[in-house]
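First subunit A sits with subunit B, and in the next complex the same chain sits with subunit C.
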Partner chain A sequence: MLAKYIARRLLASVVVVLGVTLITLLLMDRTRGAYVPGIDFNPSLRPEDIARLRADLGLDRPFYEWYLSWIWGVLHGDFGHSMIDGSTVMSHIVDRLPNTIELTATAILIGMVVAVPVGVIGALRRGSKTDHALTVVSVAGFAVPQFWMGLMLILIFSVTLEQHGLPWLPSSGAYSPFNGGDVLDRLQHLVLPATVLSFFYVSTWSRFIRSSMLEVLSQDYIRTARAKGMSERRVVYLHGLRNALIPLITLIGLELPGLVSGGLVVEVVFGWPGIGRLAFERALQYDYSTVMGVTFFATLLVIAGNLLADLLYGVLDPRIRYG
Partner chain B sequence: MTQPLLEVQDLHTVFSTKEGTVKAVDGVSFELHSGETLGIVGESGCGKSVTAMSIMRLQRPGRIVGGKVMFKGQDLTRISEYEMREIRGREIAMIFQDPMTSLNPVYRVGWQVSEPTRLHNGWDARKALSSAVNMLGRVGIPSASARARDYPHQFSGGMRQRAMIAMGLTTTPQVLIADEPTTALDVTIQAQILDLLRDVNREFGTATILITHNLGVVAGMCQRLIVMYAGKVVEAGPTADVFANPKHPYTWSLLRSIPRLDAERHEPLKPIEGLPPNLVDLPSGCAFHPRCVFRVERCARDVPALIQVGGTQRAACWVTQAGTELKGV
Partner chain C sequence: MIGPSRVAELDMPAAGIETGTARPAQSYWNESWERLRANRIGIAAGILILIFAVIAVMAPLFSLILTHYQPQTINLDQTFMKPGSTHLLGSDELGRDTLTRLIWGARVSLGVAFLTVAMSLTLGTTVGMVAGYYGGWIDDVLMRLVDTVLAIPAIFLFILMSILFRPNAFTLAAIVASVGWGSVARLVRGEVLSVKQRDFILATRSIGARDTRLMLRHLLPNVLPVLIVAASLGVGQIILIEAALDFLGLGIQPPTPSWGNMLTNAQSYFFRSGFLVALPGIAIFVTVLASNMFGNAIRDAFDPRLKS
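So, the complex of A and B:
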């Protein structure tokens, strides 16, 4: 039953992948103008040179031909070569994806670990000073743009601390060029971008858990649990939290695309060599093949995230059956 | 009579609302003796559930502002929260109106039924579960050991209420409070659950407080009953006497508003005119007087106390306390 369900979901996702990649290509194709990817404007280039370069990249063909051949390549596991530097798209993705996963997974983990207690405390002490303070911080989390928060953290933790001769945190990159690469070095680089990214998650999720928890705590089975003589802690965390977390799963599943999009701003601000920054830079340069490759993987992540969320639902909520 | 098992004395529970203070329970007193089944009857909103919740000290957001709940020599309104937890689910168990929502949807029935013994008796999971399975069987769940692995949504309403009862009984409590246990169930299932409660009362000797708005249920189940109106007890006494000869006009009207199969001639059913009073702004005097067909001038002025009227009953009514019989109007 479950296998059949997954198979059907995957089959349906083929349509999604086709749609997303087609729209991406159309957008790039229609906005490119006379630009040749990877070629800076150069007065010595003759029109026939440009025509030849475009033909080499396959850009003289109508976009649907290009698309079909791209699909053909993907079906054979070939994502083509970057139009800018000629290396394979796959090598870029393999190079960048782990960094992004490292950053986002850390942020999601911190987000959950912080958001759950914050949300529960807000629900249990609704209307108290603590609750109001947490609300203010959460709203700030939505309202403050990530790039600004990133720059402020860099200003404080990288610039000011260093100026005062205090221990400071690196502002960019995933490792130090000369003495870097070990775990500690990686963690140092991870702190600031993961903080910025998780702050956003904490803000959203804690609000969500708070309202979800409030609803659950007014349910009859919570009254039953209290009438059984359980401690308030057991009532809240064992009987309440699991029910309150069910709707959160969807939200987290939907954050998986943040592997590419949500992390993009943070990756750019902190020079994090992730897949979001790759897509961003290559999109500006009209590197069709790289952008298409990244889009393809991002779409897969979205689909996988949603599917995973739906399956996790079933684990947390026994009422859900797949069919 | 022997020392009562549970004694509620002049209990007051209030809720603070925007409109004002709601006196949900306003000076309620009653006793519960070992092994008996006591009915608490009244319309919706008369304070019967809040009374039960106050005994368990689960009346939040309401506050107990006066009175005592004496149980085994201690006042439950005074003991610490920790001591109260030791009473809840262990000495006094409670089952609720809506079995569809009273079980936690994400845990297996067996796990939930075995939770009180794990918690209160310190039994390990295996021992607690096998006792829970045994109890599920005794309350009439077929192939209980298999069904214990089910989730609540796989149970029917009647089975869930059986599971709730089993959950209450695993710790062999001395008091079982059943708050409208059959209201949400089909009529045939209602009868089965009531039979079960009667068996439980007989087999385990568990004293039961049965809260209901259904007089028929009380007639079949309870040795004694108390009738509540607007947060107060208006009549109390042995069920047979109260039914035969009600001493409060409210009880009298209630009995006239339900069909009786054993009636000698078919009288038309008489609904009670008007609505239950607003608990924030009670009528002066006896709260029932605006709806009462027997009211006299004094009823709007003074609040009657609950005192002995006739041989076995007590009633809070100026009319019957003055010796007037309640006769059809």
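So, the complex of A and C:
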């Protein structure tokens, strides 16, 4: 049953992946017009070299042919070469991905560690001043533009502190270019971007946990547990929280694509050498083999995230059956 | 007036009838309005949005009588001024008046947001209704299309399209709406699937109503509440997306001021003026906050089932 369900989902995913890559390529093809900046405007290349390079990159072929050979390559694990620097697209992704994972994983971790207690407190003290205050913070969290929050943190913790001669936090990059790269250095660079990213997670997830907890606490089995004389603490944490956290799995699963796209704006603000910024910069340079590679990868993450969330949900909640 | 009365059948308060209390039957719209009016914070937020909208529409008037500057007037003698009597909210690196630019920026933010909502609702409703109504292969094809659109990381799509189309307010709205319609379509399809089962649809069809008439006069009024809620909750998100695109340099291009591109600019002058960084963000924050709170109030009023 489950195997059949997974098979059907994967089959539907193939259609989606093909659709996504086709749309991306169509847009890129319309966008690039007739030239590739790194080649056509390079004064040190002779016209015949340009023609040869374009042929190597497949630019002399109509886009559907390019697409078919691209798909063929992808099926064989070959994502092709960047149109800007000629290195493989895979090497770019492998190069940038660890930085993105470092940032996103930290943010998700901080998000959970903060959001769970905040949500539980809100639910247990529903209607109290604490609850209202937490609600206000979370509602505000939805309205703050991430990039602006990043800029403000830079203004306060980098610029102003530095101006007053105080110890300040680095505002750009994942590590210092000179004598940097050790753990402490990386952590210092991580503080500001991870704060911005996790703030968003906290405001979303804490609301979610609050309502999920409220719903669980009104269930019959909670009343039964109380009626058996179980201590309130045990009721809340053993029976309540455990069940209230199940839906959170779905939310975190849905954040998987955020690995690539969710952090893009934050990566750009903080000059973080991640995969989102890679896609952003390369899109601006019409490097469409790189953009295709990253988009493909990001789409796989979307699909994997959705599927994983659904499956985990079934594992954690036996009432759910797949048909 | 088919619309409101049809909708009334959906959410008619059964409790009043059962208990026999003499409560006058109210239409769905009257009830929703009553609920909305009772929500003071929601109403306050709505009024704030209205004020911003008026300011945005009358931006030329405001820059004439209030600030006495035009948004693109350069004055190199008055760069990086602090807020004061010359420039109420200070000035930027070219001596342009910040308040004036914020007021003109409101036009971009609100204008694009409303335009985007209008576009995604129109397309989303059409697709969702056709898919839900006809079902079968039409439904399959349209919904796979929706899946695909929603599976592309939206930000990539925005980047590619804003390179492709030279963004102005209209194309920018179209770009954002090209993703936004997907979730509207899903929502509408779901509603249509359930409304379609009701007896009055069968009755209407049996007296020979055509498909288009059925969809426009009978189904549409019934999905209207969902649409109103989706629209009012969407505005805040769209303002954020639009500002982010402007900030990345993919949206409204300078010298036309928008809250997003004012921040792009301010980034280069961290050490000169903190106000330039703070103010446009505060404008975005307050606007989005107000529209989210108004959106929540609308949701609670029009769709009490969803109340959190």
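Here, the second predicted complex is superposed on the first by the 286 of 323 C-alpha atoms of A that agree within 3 Å, B and C clash if a C-alpha of one lies under 4 Å from a C-alpha of the other, contacts with A are read in each partner's own complex, and residues count from 1 in each chain.
Note that a contact is a pair of C-beta atoms (placed from the backbone, for glycine too) under 8 Å apart; a residue touches a chain by one contact, two chains touch by 3 or more.
None of these values were measured; they are calculated from a predicted model.
Peer 1: Is this a clash or a fit when subunit B and subunit C both end up on subunit A?
Peer 2: fit
Peer 1: Just checking: does A:50 make contact with subunit B only, subunit C only, both, or neither of them? Give me first, second, both or neither.
Peer 2: In the superposed model, A:50 contacts neither subunit B nor subunit C.
Peer 1: Identify the partner contact of A:110: answer first if only subunit B is touched, second if only subunit C is, both if each is, neither if none is.
Peer 2: neither
Peer 1: Who contacts more of subunit A, subunit B or subunit C?
Peer 2: The partner making contact with more of subunit A's residues is C.
Peer 1: With both complexes overlaid on chain A, does A:229 touch subunit B (first), subunit C (second), both or neither?
Peer 2: A:229 sits against subunit B, while subunit C stays out of touch.
Peer 1: Mind computing the angle subunit B to subunit A to subunit C from the CA centres, in steps of 10 degrees?
Peer 2: 80
Peer 1: State whether A:317 touches subunit B only (first), subunit C only (second), both chains, or neither.
Peer 2: A:317: touches subunit B, not subunit C.
Peer 1: Looking at A:264, would you say it contacts subunit B, subunit C, both, or neither? Reply first, second, both or neither.
Peer 2: It touches subunit C, and subunit B stays clear.
Peer 1: Return first, second, both or neither, reflecting whether A:151 touches subunit B, subunit C, both chains, or no partner chain.
Peer 2: Only subunit C; A:151 stays clear of subunit B.
Peer 1: Just to confirm the geometry: in the superposition, how small does the C-alpha gap between subunit B and subunit C get, in angstrom?
Peer 2: Between subunit B and subunit C, the minimum C-alpha distance equals 10 Å.
Peer 1: Given the complex with subunit C, which residues does subunit A contribute to the contact?
Peer 2: 12, 15-17, 19-20, 23-24, 27-28, 30-31, 139-140, 142-149, 151-152, 154-155, 159-160, 163, 207, 211, 257, 260-261, 264-265, 268, 276, 279-280, 283-284, 286, 291, 294-295, 298-299, 302-303
Peer 1: Per the contact definition, I'd like the list of subunit C residues that touch subunit A in the complex.
Peer 2: Contact set of subunit C toward subunit A: 144-145, 147-148, 151-157, 159-161, 163-164, 236, 240, 243-244, 247-248, 263, 266-267, 270-271, 274, 277-278, 280-281, 284-285, 288-289, 292-293, 308.
Peer 1: Enumerate the contact residues on subunit A facing subunit B in the complex.
Peer 2: For this pair, the touching residues of subunit A are 219-221, 223-231, 234, 239, 242-243, 246, 316-319.
Peer 1: What does subunit B use to touch subunit A in their complex?
Peer 2: Residues in contact with subunit A: 56, 58, 85-90, 93-94, 96, 98, 101-108, 115-116, 119-120, 151, 153, 164, 167.
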